[in-house]
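Taking it in order: structure first as structure tokens, then the write-up.
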Amino acid sequence: MEVFVYRKGSDEVEEGFTKEDLPALLADKTNVVWVDLQGETPEQAREAKDILLNVFNFHYLTVEDCLETRNQPKVEAFPDYFYFIVHGVKPEETSPVNFTTKELDGYLGENYVITFHVERFRSIKKVKNQIRSNNFVCQRGAAYLLHQILDQIVDLYMPVVDDFDNTINVIEDRVFQMKRNNTKILEEIMDVRRAVARLKRISARQLDVLYRLSNGEFPQIPQNILPFYRDVHDHLLRISDLSESYGDLVSGLFDIHFSVTANKTNDVMKLLAIFSAIMLPLSLIAGIYGMNFENMPELHSPNGYFLTLGFMLLIALTLLFYFWRKGWIFEKSETPADTVVEEE
Amino acid sequence: MEVFVYRKGSDEVEEGFTKEDLPALLADKTNVVWVDLQGETPEQAREAKDILLNVFNFHYLTVEDCLETRNQPKVEAFPDYFYFIVHGVKPEETSPVNFTTKELDGYLGENYVITFHVERFRSIKKVKNQIRSNNFVCQRGAAYLLHQILDQIVDLYMPVVDDFDNTINVIEDRVFQMKRNNTKILEEIMDVRRAVARLKRISARQLDVLYRLSNGEFPQIPQNILPFYRDVHDHLLRISDLSESYGDLVSGLFDIHFSVTANKTNDVMKLLAIFSAIMLPLSLIAGIYGMNFENMPELHSPNGYFLTLGFMLLIALTLLFYFWRKGWIFEKSETPADTVVEEE
Amino acid sequence: MEVFVYRKGSDEVEEGFTKEDLPALLADKTNVVWVDLQGETPEQAREAKDILLNVFNFHYLTVEDCLETRNQPKVEAFPDYFYFIVHGVKPEETSPVNFTTKELDGYLGENYVITFHVERFRSIKKVKNQIRSNNFVCQRGAAYLLHQILDQIVDLYMPVVDDFDNTINVIEDRVFQMKRNNTKILEEIMDVRRAVARLKRISARQLDVLYRLSNGEFPQIPQNILPFYRDVHDHLLRISDLSESYGDLVSGLFDIHFSVTANKTNDVMKLLAIFSAIMLPLSLIAGIYGMNFENMPELHSPNGYFLTLGFMLLIALTLLFYFWRKGWIFEKSETPADTVVEEE
Amino acid sequence: MEVFVYRKGSDEVEEGFTKEDLPALLADKTNVVWVDLQGETPEQAREAKDILLNVFNFHYLTVEDCLETRNQPKVEAFPDYFYFIVHGVKPEETSPVNFTTKELDGYLGENYVITFHVERFRSIKKVKNQIRSNNFVCQRGAAYLLHQILDQIVDLYMPVVDDFDNTINVIEDRVFQMKRNNTKILEEIMDVRRAVARLKRISARQLDVLYRLSNGEFPQIPQNILPFYRDVHDHLLRISDLSESYGDLVSGLFDIHFSVTANKTNDVMKLLAIFSAIMLPLSLIAGIYGMNFENMPELHSPNGYFLTLGFMLLIALTLLFYFWRKGWIFEKSETPADTVVEEE
Amino acid sequence: MEVFVYRKGSDEVEEGFTKEDLPALLADKTNVVWVDLQGETPEQAREAKDILLNVFNFHYLTVEDCLETRNQPKVEAFPDYFYFIVHGVKPEETSPVNFTTKELDGYLGENYVITFHVERFRSIKKVKNQIRSNNFVCQRGAAYLLHQILDQIVDLYMPVVDDFDNTINVIEDRVFQMKRNNTKILEEIMDVRRAVARLKRISARQLDVLYRLSNGEFPQIPQNILPFYRDVHDHLLRISDLSESYGDLVSGLFDIHFSVTANKTNDVMKLLAIFSAIMLPLSLIAGIYGMNFENMPELHSPNGYFLTLGFMLLIALTLLFYFWRKGWIFEKSETPADTVVEEE
């Protein structure tokens, strides 16, 4: 437990208070109190629970939700405070599709902010440093302090979201080349698809929370602080918009993959058809002159063999020319012919 | 029929009452009365109907709905009570896609909860044990008791939903391998698709019911109990969210199946094309020297045969090299070449 | 025209009134009057129009709508009455996809129900028999009588909807087998698709009508009768839900059909590839020893022929083994190998 | 400019007024004045602009919108009048997919209707004839007169919409046959798809306009005329519904086209596989006995040749029988086998 | 910084004011003041920030948003003014799919308009010229002046949107021809798809802004100016509608591409099947008469060879006729046969 107290008019934030100091600190409504509880170890969790229930008298169910870690973002109003859950994002070095989320629970009262989290939050550490070096944030009151924390959390979404853009482009390029190991690409597409769906879901729920916070529904956030919450909401809206459009791109990847596979199959078929179309007639001719009929006049012609070879060559060239005309082999140059519709 | 009565201030819940005791018990508004009616046998159903109509004077249509078992979740307000239908989930051992639902009907009045069900509910049994061992639940009143029942029912959804996740992953793996018996995989996908659609439908309707219950619409649920209903609503929301995302995954399975099949066809085609492309020219050569022309000088060359064999080998190797360059055979190593776009 | 009048306190319903009796009957507000008009023949239609316009003074446009038969379900409020159109369903014996609908128009006033229909309705006949044998329905007033009619009409949707379920399953089975005449299956899928779309459209519009009727919008339906309308609404909701899910199933049929076709093509390709892969090399060998070179030592070996045949057999067996390993022929048993990913 | 004036109590509509007469005619609030302005030529457009701006003092922007012809349907309220744009439909003889729309702008005031259109409207001509022969329409006031015009315009949508139904069915049949020139069918499908999208868009916007008109939002339409506008709205709703369902059908055409193509490819593959599977083994046998080994005992058997031919025939018949069993050739009769699942 | 001031009753707009003049100019509420701030260089940005914060005292967050350039269109109300962000479109000469957007930030107060932009706007330049030559715009007040700017910005969307139409048609034509380099077409489709998605997103957000501006929500826009904002809204609605329909067309391109590829593959298969079906039987015959059986009576027939050649020709012609009947070769004329369903 870390407690930060800003006394009105004071120059800096005081720290180092214990559970016993809290009631007195909270009683003075001009103070701004921030209690940051971490629940990494069972003892910490037990201590946090004790403080939330016995010092602040928060609703039992919200404390239970704090201690669990599989909750959706939400915000719930109570007469003197509101309870909220938001999710921070934890980028993975391996790949953006492996990003995970971590839960931040908290309460905002008239003159206090409570934050509870099991995992460490870079954003919270940052705000702590900020208020230590500068009393500007605390002067504006508890609601502004909370805004600062949420703003930092939402800011850390952006790099993850940008990584997605890159990942999708890389996969798209590989789909277009599609050299080998298609199945692996498909698996990657599925992974991105899942990750994007997760991102969409989280940012959508989070957006609901910030929409409600920024619309003056909660008396704990004074009118003049609302624009700051709206600002966080707008940032999140951008993230949500981007994740929506990533969803479209990813579902487009399947279409492309499929079309590229169809094209490749078409190419393989053409090759096979060309080979067969050229070889089969020639083989037939060879077969004909391999027949053992007694009376086959051509066989006795001294140039029969060479004429036959020449005829075979002629057939082969004719067919090659035909396939070249159809555009199946030696792709014709793109430049001028491209705009002209040719009869086929 | 099982009747549980908690008298205010009493230490434990009393049981063993009959139909005749009910009017007196209900008249004392400080009592909390739970009447659990089971309708497994026709006699039980008849008895339940009698009690619902004649002791409680519930609306005729709701009693009719109780006795039927094909109703959707809903909640309907009446002046002194509300009537609700929720669905519990019945997991099947064989496969999560075979899960079935069972209907729980009920009424909540100022000081009583009525539950009616044709099939046995593990969740109801659990709550019974709970109130027998602990009067905590009943002290908070009838609305809290009902919340406890609903909470247990919703909790039992979770294992079924988790099983789905697993099932979908297993199918996805099999689609990616796609060794044999594709049609069977397709049938499995269809089964999951149906089951997920069913899960989505049920949880969506149920969510409506719990949303209305948790929003203060019904005077039978006092203000201080609403957060508990909101909690159940949030759990169900998570289930509903998951089933939504399962729906997406399942519809993605068709895309994958399709893409994997297209890839396999492409592979088969390549094999066929390679075989044909190599064998047909060699056969042609063999055919040519099998012709019976009188004048075929090569035939008389002592090394003609061996030169021809060598030439055939050369052609075969050239073509193999060509196909290897195209990446059709002996897949080149992935590591460095992967990032380089090769001209093809 | 059939007129049914229930006089308050009377034991049975009176019939056999004419147009001239209507004004007096309607003037007594304690009567419940049901006028059922059929418009099968032009004379009937003319008579009905005369009564609707001159006896009841209904709005001209509603009377016009009555006489037409291509209207959507709707309900329209007027000061003293409301006008409604609902659709009954007419099952066809041949196939559920050929179901047709028939229009029922009507009016509900304070003490009267008017129904107008061109085609015969089984449901109306049933209600007539009901009120002849039992005055219970009429005692509850005109709104309850109308509810009874609507309830019967909605009940007759259910068998049609159930038939759909069956039809879709039959088609699904045939798609999975896909023996022959694929195009015919596709045509059947399209027919079901259209029929389901029609069912969805009709039930959605109808649902709107019943939602408005059951929500207390119309003063002609007293408060205590509303639950009965809500009941009809719930039945229709179930039908609407089912038709929604049929829509999903049917659009899934295309996916399956497509995947099954792709599988079959894949199988055909494999067969072709196997045949070619085995036969072409053997033919090449035969071709080689069919060449007419003078110096081919093997030809003179006494066992050359038999060794060659043996070699051919060896090649064939090797290739068969290879394809069997790939799982292309003689599908390996599913049980243990299924869970193991094999390198391919 | 054509001006129609109906004076209260008069027997017929007067015509032939000029711009100068308008102020006096409009000042008498018991008159019903219809000014129909056509903007085909620049002079007409200039005259119309002059009247709209200087006689009626309409808002400058609405007059500008009148003179343009690329506006969407809309309705805009002003204190004394409302301005509306609706679209009429202009069927093309060649094909329903080429239907175009023409814009009708107009104003409705207390006692006047103004219509402005660049192209000729059959529906307006019809209403003119109607009011010339019959003063019934004008007696009901300006709002009823406008309803009459809108009703005629919407009525003319129906034949176009019906043509679509037919066109889609024709294309569907051709897709199912799919004899040749597939690409042309695809182009037709795309054309219909575009046309249906256009129809949907127009009817959706138009529906908005009529919904607002029919809901009592505008004081220029008195309460007793609203049902007539609702009637037009209902007609348009039907058109909108139909165009929605056409959209579904058309997007289904791609699915069918695709499935039919896949079936055809499958059929071609089967043919190829059958030919190859039968011919290749026979060719191999012929090849074997064409080998030139010295010691091939069969060659000396007097019946060797005939036995070999017989053996070839046996193989061919066996394979044919095998493919017939698989259902690839000579489709088996559908009747009884259809319901039995055969092992394959 | 450019400042334009219109003094009530004056004939022309005055320019050339500095930061110091602003407070006095703004204090006279009959003036219309337009301050156009450009933020291209860091100094300009710093100056602009100074003016926005210190002269106008705008909310700090809005000033921060001004200086950033990755914001979504939005509008935010403050007591004395509102802040807005809109996006102008910057066409690229290379291709419409490369269009970019540029941000315009601004404020509207009772008697002033502030615009801030980093990049140059043609539309703003145009409005400057307009008000220099004509005091009409300024006479109507600040809100009308802002409308003029927005109108110009939205007008410049139209050419970009029209270019899309053209681009999509060109791609569609190329998909239908599909001569070569399919993958490149796929990449183009993807590019258009992304660009259209971007256009949809931007116009949707912009539409929200203009909807709010045109609905009387902001007191800075007087009632009589609202129709002008509605006019801009309608223009944007048209753009939004078009971009919606482009989205449909583009997603249709994948369907077409896929169908065309399937058709082409089908054609290749047919060619292959025809070649194989004709050549294989003939080769078999040649193979049979190439066998070395001693007793093959036909071989000794003087016309055996010629009869065999004739027989081969007969087979080839029969098969060609068969394939012609199937419509695989030499497509039959379309005209009369098209409407007749032939048995196949």
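Note that the chains are named A, B, C, D and E in the order they appear, and that numbering of residues resets to 1 at the start of each chain.
Simple rule for what comes next: a contact is a pair of C-beta atoms (placed from the backbone, for glycine too) under 8 Å apart; a residue touches a chain by one contact, two chains touch by 3 or more.
What you see is a predicted model, and the numbers here were worked out from it, not measured in a lab.
Shared contact partners of chain B and chain C do not exist in this assembly.
Our note on geometry: chain C versus chain E, Cα centroid distance of 40 Å, whole angstroms.
Centre-to-centre, using mean CA coordinates, chain A is 25 Å away from chain E. Multi-chain contact residues of chain B (touching two or more other chains): 258, 262, 265, 269, 272, 276, 280, 283, 287, 290-292, 296. Each chain touches the next in a closed loop, which from chain A via chain E reads A, E, D, C, B. On the side of chain C, the complex with chain D involves touching residues 59, 61-62, 65, 70-72, 74, 76, 173-174, 177, 179-183, 186-187, 190, 193-194, 197-198, 201, 254, 257-258, 261-262, 264-265, 268-269, 271-272, 275-276, 279-280, 282-283, 286-287, 289-292, 296, 298-305, 308-309, 312. Note for the complex: chain D touches chain C at residues 172, 176, 227-228, 230-231, 234, 237-238, 241, 245, 248-249, 252, 255-256, 258-260, 262-263, 265-266, 269-270, 272-273, 276-277, 280-281, 283-284, 287-288, 290-296, 327, 331-332, 334, 337-338, 341-342.
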